[in-house]
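Should a chain be cited, it is by its letter among A, B, C and D, assigned in written order, with residues numbered from 1 in that chain.
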């Protein structure tokens, strides 16, 4: 048709620089209100975090070049390999499809994780693409998100302990924590409420790392994909940090005949150490 | 933290040129497969189109600066006013939140439009932003999409008439239509099957135009927002083209006390005529 | 060769949005120092301004789709027509070639305008591209530059009158003008030094507008292109504002046989009035 | 003023991704014609190449974060260090100022290298920025340009030998070389004209590499900067490849009192070997 010239206005340059790491971060819009409206447990609602992880798994199942996912609070980050060719590295395609899938998965799986709570309306997630040209900057990106998780969760745990167990008003709790250092918050929780912060669930303290690992599966697998995925999330998020290792986690009952299958597993480990990265990306990454 | 420098890698220039029309187009990913998997009516499934419109309404309720929406097949387009300041015109914010809402709304409202059909998995929509600097190019964009709707629908209607009513195989129907002009297709449908294409539902032939109109509502409104929105979509999409006009459509029963409220209405009209645009955007737009 | 993959890193999206006005602004780097080092007359050195105009003419002769140029101080702006296809609208090509030509022309023509002053080193100009989607914003761009010219020149003229004729130190002149309004500066110049600012050369007060006009030339033209261009700049910049009009300016001695040729002329007129734009771009622009 | 809003249309996102190598390549516009118009020696005119190098030196003296320059034919490439902060990494600033300086230096220094040839008009260079995120891709960029130099120069040398010494017409020479491999061209030149291609000047075969080296200078230096720079270019480009090394090149007469100064030197060496890069960028680069 004679209108087709309007296609020329599309942005052809909307592509990711080759050989860079493509990081996508999603974040729930207005989840302060959303979490209140659905009565989520404060400060951490395991169901909500597991649902986020379920959506993260859906994304990584769809986008095979994602090397790693990391979720905490109402946000999720994914990093594509340097050599990813997904949609010819077109930014709008990657951004829109990834956030679209995450969002529709959130509604789709809601009832599995919140069987008693009606979803009140369609949630929204914003998303952005950030390119990292060096290994160091890409790793530091994830360290930054995990440090953010740690700082917020330490504060929130102390805050809600003061409110729930210490009978402070929110304003009083706020004032009491204002200006305190990390060690002060540990101290307040321990001395006042006997809470050893380090014994809090690793999922809350460290966030969730989604990795691809080799996993023995029975032949033939009779388990339906959906059940498997849900089970995966629940199983792994129960695992306490102590035995969290790629081989340990998601252990299945011994099967006579098994083959190795690449699956996505959820870990709650320390993303900040170099050893983590060497294992995930290989020594020379 | 010492990792915060990684924020500097975010793309600060990711903004829409001021004073341009911001057009966002969404399109279902792999809907050829999706529509088969859910047994949609061929070539047009009114339930699917109404669901798309429902999501379009959700988007326009959330983003008040959208002047117009247009949906057909598995796609939807929206145009923001020239002076829109939504998210400071940041591209990634606009793109991701809009497609996120549309996608989660699609799952959220699925059961209303497909009460008998289980949704098999989370759908995906891609999305892109296109900027139009002139009134003409922006209008031609929508004319292009409606011309696309017309061409595809004319072909599809003839094709499925040949298959369903003419007992052709798809390959035979394809061959029979190959190389035919518009008038030939009209002729084939009319002479063989008594189908007057112009009497096919306007929703199928023209697509759906979402506009904001002033509508009298009773005071106080006892109707819940959700019911209202659903009703709106069903009501307007039933209206045959003949009486389709801004004042006619969505007529409510006379109420004693009413006030004018700005609501979103669905029309199936001709977007290609200048008169349409003068009405929507004002004479000098 | 096996190295050619490195071309894929080139930015393919580096193009100007279709149908927008492409404005390029150049500005001398460190010309505060450069003008001192070459002993330019303060605050306005006609030779320097004429040299800038000569370079502007060179640019407009090379880039035929430039509709208009505007120069003042150490800067020059050019606007390409909305439908310009120069280098397929590639930004880096347009930007680099335009500033490259302007810069080499500046050195090339230096001796013509500064026969007594040795150029001490290669000068530099920065350049940027700005896209304007509407007629209004494009026009306001030029109004902005001319308003800048006016404000700076009014201040500078008053400042150097106080220093040169009023025997103030620069610091004293600065202090005396601090906080004054336009009319105060007019008053100071008039009452103290008998300077009627409006009688200052229009070239200094208004800057230089470069336009394409039809000009009768004798057949055959024996004048060499270079001589012509230089003559053009000198001639037009002498013209006082009073008779500055497209038909008046650059009047040649009557020739027996002439034809109309499209040439570039320098004007010192008011760019801020609507009448200017109607004449340049046509009524409907 | 009320026009200042037009600044908002400037592209704020026009910055180079942090931590990438910023490569700028310049190329003479229409130099096929330019070189003919100025009667340059075919296929290589040492004066023209030395002039290009002189401009390259001017650029590297101005932009201290450039690690390396490489010139051949009518083109020049520069690479900024990964951590360069030049103009806050703004693309338009870097691109325009660099090409502006190169262009004005070309005219400024023309007469030094072409004392007998009048420059006929202001030359133009296009320029582009390419970002390289990895060491490998950045190095391969330069390998690509040197391989291009090699391939073109081998062809050109054989071609002009056939024309000048072999009395072929250009068309005959073209035909004779068509489809030949590298070794064939070597063979043709050697057997027909006794030319050992490897003995051709390294400057022609390898192009020119501009590096920063430490150089002993007498105290005080009485030499004027300009003379020094010109001498530098001539001296180094004379050096045959055999003794080309950082310490050898640009040897000055022994001075009683010297200090080490960072200067820019021209080399004609092999950029393709890893050893080169280790020396230039350091082992871990």
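By definition in this document, contacts are C-beta pairs under 8 Å (C-beta built on N, C-alpha and C of every residue); 3 or more make two chains touch, one makes a residue touch a chain.
No experiment lies behind these values; they were computed from the predicted model shown.
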>> Going by average Cα coordinates, which chain is farthest removed from subunit A?
In response: C
> Between subunit C and subunit D, what is the separation of their C-alpha centroids in Å?
Replying inline: 33
> How big is the gap, in whole Å, between where the Cα atoms of subunit B centre and where those of subunit C centre?
Replying inline: 49
> How far is the middle of subunit A from the middle of subunit C, if each middle is the mean of its Cα atoms, in Å?
Replying inline: 56
> At which residue positions does subunit C touch at least two other chains?
Replying inline: 9, 11, 17-19, 131, 137
> Which word fits how the chains touch one another: line, ring, star, complete or other?
Replying inline: complete
> Where on subunit D is subunit B touching in the complex?
Replying inline: 8-9, 11-15, 17-19
>> For the complex, give me every residue of subunit D touching subunit C.
In response: 1, 3-7, 9-11, 26, 29, 58, 62, 92-93, 95-97, 99-109, 119, 121-132, 137, 140-141, 143-144, 147-148, 151
> Okay, in this complex, where on subunit D does subunit A touch?
Replying inline: 17-20, 131, 133-134, 137
